[in-house]
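Each structure below is given as structure tokens.
Here chain A shows up in two complexes: once beside chain B, once beside chain C.
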Partner chain A sequence: MKKPQTLPAPPAEALATVDLAAVAALDLVTPETAVPLPQQAPVATDLVEDLVKPYPVKVKRKRAKHITVNDPDEIPPIEANVRSTPGIITTRGCCYAGCKGVVLGPITDVIHIVHGPIGCSYYAWMTRRNQADVPESEQDFLKYCFSTDMTTNEIVFGGEKKLAQAVREAYEIFHPKAIDIFSTCPVGLIGDDVHAVAREARKELKIPVFAFSCEGYKGVSQSAGHHIANNGLFKNVVGTEELPAEAKTNPFRVNMLGEYNIGGDAFEIERLLNACGIQLVATFSGNAQLAELAHSQDANLNLIQCHRSINYMATMMETKYGIPWLKVNFIGAEATAKTLRKIARYFGDDELTARVEIVIAEELAKVEPVRQAVRARVEGRPVMLFVGGSRSHHYQSLFRDMGMPVVTAGYEFAHRDDYEGYQVASTIKVDADSRNIEELTVEADPEHYRARKSPEELERLKASVDIADYKGMMPEMAKGAMVVDDISHHELEQLIETYHPALVCSGIKDKYVVEKMGIPCKQLHNYDYGGPYAGFRGAVNFYQEIDRMVNSPVWGFIPTPWEKQSA
Partner chain B sequence: MSTDQARAPLADQDKTPARQRAKVATTNACRMCMPLGACLAYTGFEGVVPFLHGSQGCSTYIRRYLISHFAEPMDIASSSVGESATIFGGESNLRTGVANVTRVYKPFMIGIASTCLTETIGEDVAAMITRLKDPVEGMTAKTGVDTPELVFAHTPSYSGTHADGYHAAVREVVRSLAEPGETGSDVNLFPGICSAADLRHLKELVSAYGLGCNLMPDYSERLDGVTVARYEKLPAGGTTADQVRAAGHAKASITLGGLVTPGVQLAGELLHETFQVPHHMLAMPIGIRLTDMFTELLGQLSGRPMPEWLVKERGRLVDAYIDGHKYAMDRKAIVFGDEDLVTGLASFCAEIGITPVLIATGGRSGHLAREIGRLNPELDGKVEVLDDGDFEEITARANELRPDIMIGHSKGYTTARDLGIPLVRVGLPIHDRVGGQRVKHLGYRGTQELFDRVINALIAARQDESPIGYAYM
Partner chain C sequence: MLSQTPTKVSQRSALRINPAKTCQPIGAMYAASGIHNCLPYSHGSQGCCSYHRSHLTRHFKEPFMAATSSFTEGASVFGGQPNLLQGLRTAFAAYDPDVIAVNTTCLSETIGDDIPQIIGEAESSGIIPEGKFVIHANTPSYDGSHVTGFSNMCVSMVKYFATRIEDSSEASAPQLNIVPGFVDPADMREIRRLAESVGFTVTMFPDTAGVLDAPQTGSFQMYPDGGVTVDELRNLGRGVKTLALGPFASAEAALQLDKIAGVPHEVLDLPVGIAATDRFIGALNALGAAIPDEITTQRGQLVDLMCDVQQHFYNKKVAIFGDPDHVLSLTEFCRDLGMIPVHILTGTPGKAFGRKATEILGDKADQTNIEGEQDLFLLHQLIKNQPVDLLVGTSYGKYIARAEDIPFVRFGWPILDRFGHALIPSLGYAGAIQLISKMSDALLDRRDRDSTEWQFELVL
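For the complex of A and B:
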């Protein structure tokens, strides 16, 4: 549970050194200019056709829409969030993975029961490396993997009884504060009513029990699961408790949305917010306990880190409770500084602004020597990023810090707005695969809605900190860089052969393909057992990690001496 | 049950329908799902691309998991069945998927396995394959692209374990290719789930007796590959189609292990039934006694004595046992993992003086305890066998049994850490150490490595606990 923060009191003379007018004049909204592509980089427009060449005609046409050449001044449209073509082998996962694996899984004091055969639960067992720092007095089920372990018997005769018994059993053994239930593919198909089981269990056990219909086949990727998870949390958890009065003294209260504490990122973010005197009410959902999510409506600003997985929550909370949202990025030293400044500008408090500037100055002073040293060794070396629904964008900031150009990038399960910007969201045609994902109808809560800012203030903030806006990845990518959505293995291999990057950022499913091709691959899903990479300390970790990877002597052994000789 | 009390006879410890599990849910499972085993097995045949008919999450999760163990590329295609296909059927997804894999990977064979989703909606994949191969309506007729061989194994997660899926896939590949013929001098070897290094050693052992070896499957190359200047999309290596064809007229089949959920037919059983190839079932050769059984059989089949180098390897192992015996004697171990592996591990522990006080598996063959009793009568009354178990049960028993060491895969880490005892990582999955694909378990050589690791872990634990900390203990 996040503790109420007492404001740190930096010496008045330190505060006085900050030039508030200069800070107010900083441009915090214009997209960052990308590191330009290397001069000898191939011309992306010539590559598109080649990339889809081996596919059958229909697939060729379909895939070509997912590939585009960037122009930051005139963003071209790109197809995204549609069903992957069978058999082309992409890295996408399923709805269950997005719901349980990503959004709900990191919550520490809830028992997550996976209703289905054993595999689904087993494969999501700690595989995302979410970390938590749970006090000894509190429960922590992060290391557990609960499953109803369905067998043929339940497939034939129904699994509701077994599920009800499993919920009861979990309660009797562990006495958790709450239990949630996740449906896997067969559950929806045999018609088990998981929500009815949850309702009955809630009555019987007198604790929150809620279920998610997140069968793997729903939607087109993890993304559907994120949405279902957001809906469930919003309906069943958010607003069910109130932030204690003693925790309400600090007006600078924020929630961190879409931060899952992989490799300890959330720890670093919390450290920074605390140092600035900003109170973190809840994190969705890294290192989180249920109670903090339950009273998260008492924050005054929602910060969105992973836009793809959690934007639904932000807009629903804005409508119901009046909490504005701000897209932030704590990945990259410059990006972190910008993020902290945006938060300070939102709250509009001089002392907070000064304190934030002092923290930034202190932290950057420690970052800068490492950054310069690493930059000297890696600058100009091209990078490719194919990961996630936000990370391909966020990590470009770290590479910008190091002067490494991003020649091509794309997401695994993002939507068009994550590429092109929030303004296209309303124009996206919803196809059959996404139509069945429930959109909650949300209205202002007559009792708990509280406008944090006047409409005029919000309008001003839109212009000065991009409140309620996300400009997407492409405005911050170089002109001529290639953007590929839901990349296939074949396409990735071909791009590596074309671009000869110094580094590829991806996940474990491509990692060894990339490394077999002689290129280091940094996993940005689970960080290859490293991290944190968020915030200032994380940036230092990341610079050093990239330096170690691209400058390791091992790559030199791939061509044999006799091959070298004959070359 | 206290540690000093006698345990129930092994013959009575297997779970039977009459002996219900004490709880319904599984907490921290000790087994994986059928499609995972099938994908692993398919990867061991040359030119085969594994293909899961179901939601794309299955392929993603299974790739994620197997890759974390083998540290190698592992391409598993998916038919990406979505919500509408669950209503209207997934045939067009399967067809599109097969067409794409064929064009991009140019495989010899596509190894299709079902998932919970497609089994639950009752997809008739065999009929779909027939239609795909139809001379008029099939893929080749429609697209002009040659259709690869297509095999299909039923692998719904709810009806078995990853070991069952593995054996089901091996059986289907064999069923589709094996041919009758004049009995040759080759031996079919079905190794069960073991490491790439184990597979290489098994081939070496069989050929040391002058026998040809149809090792099925053989993922020793594809899942422990080399890095060379040129990357291969579909890496070379694996049991060749000719080897599988020849399996139908081999001299004999040997299955190592083969404890499966009732209803799963082993490939060796199929070859015996169809082509009358004699079928020998042995335990996985871990330890001297079980390896002796294996080498004795190879001797019988070949009519040759044990080659000199192997006699020496055996001798060195005996020598190592003697060097290390005092560290092992009367220690207590928990061994856990796949049924076939723990059968071998239990026997190995027993012969070096370690009592495997708890032998645990998530497997459901229902024969594990009897098998252990048959192979190690000396363990009767001294050990507990937990089948269809999970880590909640293993941990609960461990807290009472107070073992000195755990031997099993990475999922035992939390328990070992809580108990403050070493975990020697063997089997699958090993995802918190490098080299899972190279861990040796089998033969005298594999046992040697295992023995050194177990003894060193026990010595290291003692050394670390010592308040004095000399290098000479």
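For the complex of A and C:
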């Protein structure tokens, strides 16, 4: 649970040193200029055809639409969020993984029961590194795995009874604050009504019980599951409690959306916000307890870290409660500084602005020596990033800090807006695979809607801090860099052979493929069990980690001494 | 740590908490990876394949390649045939495997996709290139466990490739077939070494040695050098015998091979520890092989070590969990070391576990909680009620070990938080030496940690 923040007395003499006019004049909206590609980099336009060469004809045509050569000044369209070709070896996961694994799983004091055969719950058990610092007096189920462990009997005769009984047993053993239920593939097929079971259990147990129809086959990737999770949280949790009055004294109240506290990122972000005098009301959903999500409508600004997984929540909360949203990026030292400045500019308070500047100055003073030292050892060395739905963009900030060019990048499950920018979102045609993912109809809440800013103010903020906008990954990538959506194993292997990167960023399934080639691979889903990488301290960790990886002596042992001799 | 777990055990009929098993398909995929030039293929939602590849990679710290049918809602309603056909076409075109080994999932099983029919369709429409193969195993996730899935894919290898072969006179050394069980590449390597050293030509299926312990060479090999070849599988019928190591993981394949190709089979316990390894070597001996001095010497080293460490193991209480074949043999070994197995538990269903355990423990069976088809939540509760001096099992045990402050030794599959286990055998006499070393390290580290200043001794 986030504690209410009371502002410490500002050190007047320090505040006085900040040149507010200069801060107000800073450009916080123009996309950052990418590190230019190395001169000897291959010409990407020549590669596209080659990359799809071995595929059957139809697959060739389909995949070519997912591959494009970037131009930050004139963003080319890219195909995204459509089904992966069977057999192609994608790294994508399923709807259930996005719903339970990503969004709901990190909530610590809710019992998450997975209704299905054992595997689904088992694989999502402690594998995403969501850290949480739960007080001893509070319940913490992060290290537990709950499942109905469906057997043939339930597949044939239906599993509702077993699910109802499982919910009952969970309640009797643990007496949790709430229970949620997740459907897996067979549940949808045999027609178990998980929502009816949840309704009955709610009546019987007198605690919130709610269900998610997030069968693995829905949508085309984890992305559908994020949407379903957002819908369920919005319907069942957000706005069900009120922030206590004593926690409402600080007007600079924010929620952190799409931050799952992998490797402790959320801890570092919370530390920085606190240092600036900004109160964190709720994090969706790293290190989160149910109550903070329940009263998150009492924040005055929603910050979006992972746009892909949680933008739905932000827009729904804006419509219902009047909370504007701001896309932020706490990955990278420069990016973090820019993010904090945007927040301060949104609130428009001179004292807050000055405090933020002081924090940035103090933190950057510690970051800078490490950054310079590492930069001298890694600058100019090419990087590839293929991961997730936002990290392939965010982590480019850290590589920019170090002067490492990103030669090619792409997302695993993003949509076009994550590549090209928010302006294309409304133009995307929803295809048959995504049509059944519910779009909630949301209206302003007659009692609880409170416009935080006037329309004119919002218009001004759009121009000065990109409020309610996300410019996407491609404007911040170099001209000529290659962008590949939902990359296949074949394409990854070929791109590595073509670009000879110093480092590849991906996930566990690619990790050892890449490293067998003698190239270090940084896992950006789970951080290779390191972190945090967010904020200023995280940036230092990341610089040092990349320095270790690309300059490690171990790679030098790959050729045997006798091979070296004869070469 | 796990502070919500109450000491009091309550009856549960529906809720599984902290499982000691996972689902069939991952076992089938692991088995399939032990075929040379084979691409495992999951017929179901993308998530299954993604989860399985991730999990196997985390254990082996090696690439684990596999493809999926990427079911969408449409496929779930109208059937997965178009997905599987397109998947096979694409995978053969892009990745050129010799064999694609299809496993089903709860999704494709529930909708009832007829895989042999679809493979037939792929054959007749020319999707399967000349000289290439598609095999399949039905691995419904809602039945059995990952061990069952492993067993089912082993059975498929037999069903798709083995035939009766009358003429076995060509072979210079007699051929012995071995189904090694759901064990690490190093274990398969060690079992092969033992059987070859007594003079057999060994066909091991599956064989992940050389696949999931491949060397770092600076180049990625989609299909590493190891694995049982299609040719070897086709010649299984030449075997003088098939040894199935572990009733749960291996017996069925050996039985089927017996039925199909007439190769007599024998089901042995997984050779973990001295007695089970003795029985394995005994089986080789019974086939007429003379046991070389090298093996006798190694056994002698193990017995020597057992004599040396016995005071540290005697009457120590141990809890063991994991896959049934592993747990049963380790229970026997712990008993042979003078320990008391207080709790033994597997998540895999099957009544044979309780029966075998009772048999192994003999007159001491009543000192042991024998739990089949159970979970780690129960194991934790049992340990709270009846504490132990040592916990042995997969990485998931570390949470119980921390909560209850118990020395912990990792053994079995999966081990997600340590390195080197896939390279060091825990089977055979060599494996038993390794296990004693790990267990005594854990016990003596604890003695050192807990001893007073004056009891803290240099020599133990």
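The working rule: the second predicted complex is superposed on the first by the 560 of 567 C-alpha atoms of A that agree within 3 Å, B and C clash if a C-alpha of one lies under 4 Å from a C-alpha of the other, contacts with A are read in each partner's own complex, and residues count from 1 in each chain.
To be clear about the criterion, a contact is a pair of C-beta atoms (placed from the backbone, for glycine too) under 8 Å apart; a residue touches a chain by one contact, two chains touch by 3 or more.
Nothing here was measured: the structure is a model prediction, and the numbers come from that model.
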When chain B and chain C are modelled together on chain A, clash or fit: clash
Partner chain in contact with A:97 - chain B first, chain C second, else both or neither: both
Contacts of A:190 with chain B and chain C, given as first, second, both or neither: both
Partner chain in contact with A:86 - chain B first, chain C second, else both or neither: both
Touched partner set for A:136, first chain B, second chain C, both or neither: second
Which superposed partner A:490 touches (first chain B, second chain C, both, neither): both
Which of chain B and chain C A:123 touches, first, second, both or neither: both
Touched partner set for A:149, first chain B, second chain C, both or neither: both
Which superposed partner A:298 touches (first chain B, second chain C, both, neither): neither
Chain B/chain C common contact set on chain A: 54-56, 59, 83-97, 113, 116-125, 127, 143-152, 154-155, 162, 165-166, 169-170, 184-186, 188-190, 216-221, 432-433, 436, 488-490, 493, 507-509, 511-513, 515-518, 558-559
Chain B partner contacts - residues on chain A that touch it in the complex: 54-56, 59, 83-97, 113, 116-125, 127, 143-152, 154-155, 162, 165-166, 169-170, 184-186, 188-190, 216-221, 432-433, 436, 488-490, 493, 507-513, 515-518, 558-560, 563
In the complex with chain C, residue positions of chain A that touch it: 54-56, 59, 83-97, 113, 116-125, 127, 136, 139-141, 143-152, 154-155, 162-163, 165-166, 168-170, 172-174, 184-186, 188-190, 215-221, 432-433, 436, 488-490, 493, 507-509, 511-518, 558-559
Complex contacts: residues of chain B adjacent to chain A: 23-29, 31-36, 51, 54-65, 67-68, 71-86, 93-94, 96-101, 103-104, 115-117, 120-121, 143, 156-159, 225, 227-229, 231, 233, 362, 411, 414
Chain C - residues contacting chain A, complex: 1-4, 6, 10, 12-19, 21-23, 25-26, 41, 44-48, 50-55, 57-58, 61-76, 83-84, 86-91, 93-95, 105-107, 110-111, 140-143, 145, 214, 216-221, 347, 377, 399
